[in-house]
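Here chain A shows up in two complexes: once beside chain B, once beside chain C.
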Partner chain A sequence: MLDNPQNVLVRVDGLKMHFPIYAGILRRQVGTVKAVDGLTFEIFDGETLGLVGESGCGKSTAGRAILRLYDPTEGKLEIEGRDISTIKGDALRNLRPKMQMIFQDPQACLNPRMTVGSIIAEPLDEHQAMSKEERQARVLELMDQVGLNRDFAGRYPHEFSGGQRQRIGIARALALNPKFIVCDEPIAALDVSIQAQVVNLLEDLQERLGLTYLFISHDLSMVRHLATRVAVMYLGRIVELAPREALYDRPKHPYTEALLSAVPNPDPETEADRKRIILQGDVPSPANPPKGCNFCTRCPKVMDICRTETPAFRHYGNGHHAACHLLEGA
Partner chain B sequence: MASALVKRRLANFKGNRRAYWSLWIFGVIFVLSLFAEFIANDKPILLSYQGEWRSPVLQFYSEASFGGEFRTEAEYSDEVVQCLIRTGGIEDCLDDPQAVQEEAASGTYNGTTVEAGWIVWPPLPFSYRTIDENLGQPAPAPPSLRHPLGTDDQARDVLARVIYGFRISILFAIIVTFCSSVIGIAAGAVQGYFGGLLDLLFQRFIEIWAGTPSLYVIIIIAAIIPMNFVILTTLIILFSWVGLVGVVRAEFLRARNFEYVRAARALGLSDARIMYRHVLPNAMVATLTFMPFIITASIGTLSGLDFLGFGLPASYPSLGEIALQGKNNVTRPWLGFTAFFTFAIMLSLLVFIFEGVRDAFDPRKTFR
Partner chain C sequence: MLNYTIRRLLFAIPTLLAISFIIFIVLDLSPGDPTGNLPLTIPPEVREQIRLSLGLGEPFPIRYLKWCQQFFINEPLNMIEQWTGWTIGSGERLRVLSWSTRSPVVDLVVERMPQTLWVVGMSQIVAVIIAVPIGVISAYKQYSIFDQIGTFISMIGFSVPTFFTGLILIVIFSVQLGWLPSVYDTTHRVTDWNSFWVQVRQMAMPTMVLALATTAQISRFMRASMLDNLNQDYVRTARAKGLRERSVVMIHVLRNSMIPVVTVIALGIPGVFGGAIITEQIFKVNGLGQLLILGIQGADIPLVQTLTFIFAVLIVMFNLIADVLYGILDPRIRYD
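Showing the complex of A and B:
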């Protein structure tokens, strides 16, 4: 990006993640679920890229594929200039300390049979040669960082509240001093009162440790609060990517417009005037996406060309990217 | 750190009275049977010969070393040997042991002082292969003071055979269960965790392997090479490990997509570590559920083979062989009843114990 002098930390180029569908006695492949179908974007050092979209649009799959928890079908992934799209085995494992993940469900992502201390210590065991005392000290330090009482190290996850569990998950992700963290809907499973605490903690840690986040969420207000730039996904593709203010104030893509119109406004006066753009129909199946633009079946401003040609993902100035035929002519 | 969990499991197990007492009873019987040589043996535990203490259970002593004629192991049940020990090796014992012993009891024999010795016998002075030559009635003899459970058709003490047979059955079961569990869990874990083509091929192999009629294979092999404990154990392990693969594989297939297993993968943990630390504990309950079946099945297989005469060689003490004798001598009910009650009590105790262990490991009971 020419108008942005920041360093690129993660580069995603044409990422595709397709899952085969098998059927019949011979288990022949009869189709593919195109969960992620060609993502291209960059994440800059120290920023928070918000990734929003409705359920099932491939946000989480994208996050996992970027961390190489899946083997991508196609495309290139780079972290700090190193291609990680095809590495395997130990080479991949040794890269793990650089990139970590915070999971959606803090209850499910912690082994119920391990104590908090051993959960946080586990990545240290695996990746760093530390003495028992050093490790213990590091665990307690991490617990301080995320605001957990040190005395809780010997307790089991089920003894904690959701917010505290998410803090455990964050401490574990931080254990290896990662540069890049994928936050896969880290606040979706939490009470609203706790969400703010966790988000503030994430912001705080970013400031102190210089972290880079890919923040996956369907909570548009929270992303607005947290993100530097925002990418909107629909059916496996990014439809619009722009700096936060530009995206929220001047959305270019009809889908983004519709999405933003659904966000309730806290001010009752403007809320009364809010016009919702109600989309017709359902999201098409990612196993059988429509021809042309993915959004053509529901777009209120659909044109003939949308049904035949896939719009290109283009830069429209000031870091504002979008993929729509409406903009091409303009 | 894990001790809280272990403590709760122990408390759960103790809370199950039946399992708890079964474990105690079984434990005592098993430990006693480990010392079977000191309980039922045709050799004395301890004796004093010319003031010197000897323990024939532990060490070989020839008859000559007691002043007798032969260099072979002393026949301690023989009156001549007993006379030699009690009188300190007076040679006349070889001719008339009874008279010599009577005279020596007074303290002197033929004018010289007798170095009196003594013998401490095990509670049951018969080993599993001792043939009681002074039975005084045709074998199999009914229960009496001398033979609490009677004798079998070769005049061997049934109680002694039960004690030794129990020991060998349990040791066999423990070895078979341990080995086949380790192999089965490892195989199931690898299949379930990695899945895909490996799983598909391995499953087909296991289907074929499990379809092999193991009993016939063992009988055929027994006909070719002389059977012993090691060969038989190996053969049965070879066919019994498949039992656990199914459940362990299923648990691994389920657990490999657990969020915390994914999280562990994202942390860059090695596969072996993820399998051992995060997935295996989930499979433990299922494994423990199957454990009593493997144990009882292996005891059953061993006894079945012995019953058919294809198991351990005849020189081994075996519960299956007692059952066979019970079948051959239906008019001598103590044989059949002994076999039945030994099996019934042994297997029930084992099942009760493992029922308790399984409940103790049940996470729903532990975590609530």
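Showing the complex of A and C:
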């Protein structure tokens, strides 16, 4: 799948996304929600990087910040070698055709008052000089590509099923021939039979169009199926990043171990004696993360150093990165 | 949609009949004597004869049915005759007559309508033109200085009654500065630019007084509706498409936000026809609101009954129009 693994498409360096909390009569800032707190990774051309983690760990925020749908608090973002972390206005708008997003909720992310045809045509209108006929032809071509009936172009989003709506969302994202697509839990709102269809469609499109995905999900088996490399996030930070097999077979971080132990096994014999690591307690609030390692409040292998010092995110060979004090001594 | 509209129109008939009956009861029970304003020298027997001649001697159900016949049959036939020039039947039928002026109520309404539509209708138009941009900007820049000032002015518009703002404006612009006339001259005819300017000046104050109150309401609705939509996912999608911020706000957010606001505006239109009773009094605009007040003061029951009923019809109609508009503007709503 990887033609040239060293060809970096997207580079994220120390990305932080903090949201201010205002309170009181004068609405003074009383704190920040550290939704994303220092991400560093690279996405290679043509690969699928899976980004997993539980709800509220900052996956979606990270995805949006990388596409500059938010203004990041800190850090550097590069796409095709170009720094996009601070560009604004038209410069940013002109980069939109390169990077697109498929959203989680296909119902809410489509304007209810626009027909499917105009939803897909809108970015073409904005970014490409096309005649009416060319545009119409492109819309129909896109609908074919995602497996939507051409006759549906005049219908409104509410007249479709969830899976069809997600196809509309995909067609819209593809309209400008992007290189990089952030898929923000594109299958979470769909039922299982439709999930498979949409995932297959995404794979198929990647093969045909040479797309690069950042696939955000909390569904570990789906990520295993789709991703070439997987990053695990906990409370705004990446705890482990590794090629798929390495991560699923030899997880290094205790959080990844716990997460993987929760995945049911399709084989009933091995499933019967699958040992689940049950984490105690709740995820701390990102407005008030613990001192030291973010995972220290729930880690089954917690040490004294974890409560005082933040572990560094290091490379442990074969593209396996992790941030844990346990590994530092080894 | 057509079936729905027809069904609603049919349902409106019994509703309106019930309304007319209730209005009739209320007016009949209310104190007030149509001869009360006549000179005290008229002896009681004559007063009694006057009452009988007005039809007050009849029992209540007969009076109600007679009004129904006059309003629902005679008046429409009369209107058809006037428009087409035909003569239906003998052409002689009893119309709804005002007790105090002895002229047909419908003619009075037709006479008063233009002033009310000009002044009150213009205030609605001005209010919409001012309120929509204020609402949009306030929501887009929530908690900014502009938003705070807009909120403050809306609060004034909501809480200060028109009889107060009207008098303040008269004191400032008519008494102190002498720029604008304080009395609306109905006999004024617009024939050239000069007379048009006079018309604009005499309309300015009553229009602005009413517009302030309406602007406050609509701009708040607009702001709330915009805020609702600005946080929707499809707005993020629009930004991700790389649209200009202007298109994002004007096409995606504003069009979706207009749906509830349009219905609010539609529901406000019957109020335009109803006139603004207090404001018309202050500026001496002899519109429908003033007519209603005169009718109530003189216990002119046919006039009050007919006017109130016409307002009821308008309210029922514009409710229906608002519902139909909703269905047209929002493709998710299907009535059939």
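As a working rule, the second predicted complex is superposed on the first by the 325 of 330 C-alpha atoms of A that agree within 3 Å, B and C clash if a C-alpha of one lies under 4 Å from a C-alpha of the other, contacts with A are read in each partner's own complex, and residues count from 1 in each chain.
One rule holds in what follows: a contact is a pair of C-beta atoms (placed from the backbone, for glycine too) under 8 Å apart; a residue touches a chain by one contact, two chains touch by 3 or more.
Just so you know, these numbers come straight off a predicted model, no measurement behind them.
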Superposition on chain A - do chain B and chain C clash or fit: clash
Partner chain(s) touched by A:D71 [first = chain B, second = chain C, both, neither]: neither
Contacts of A:G154 with chain B and chain C, given as first, second, both or neither: first
First (chain B), second (chain C), both or neither touched by A:R172: both
Which of chain B and chain C A:R93 touches, first, second, both or neither: both
Partner chain in contact with A:D83 - chain B first, chain C second, else both or neither: neither
First (chain B), second (chain C), both or neither touched by A:G117: first
On chain A, positions contacted by chain B and by chain C: 67, 69, 93-97, 100-101, 103, 105, 108-113, 122-123, 126-127, 156, 158, 169, 172, 176
Chain A to chain B touching residues, read off their complex: 67, 69, 92-97, 100-101, 103, 105, 108-115, 117-118, 122-123, 126-127, 154, 156, 158, 169, 172, 176
Chain A contact footprint on chain B (complex, rising order): 1-2, 4-5, 258-260, 262-270, 273, 277-278, 281, 363, 367
Residues of chain A touching chain C in the complex: 27, 64, 67, 69, 93-97, 100-101, 103, 105, 108-113, 122-123, 126-127, 156, 158, 169, 172, 176
Chain A-facing residues of chain C, complex: 143, 232-234, 236-244, 247, 252, 255-256, 329-332
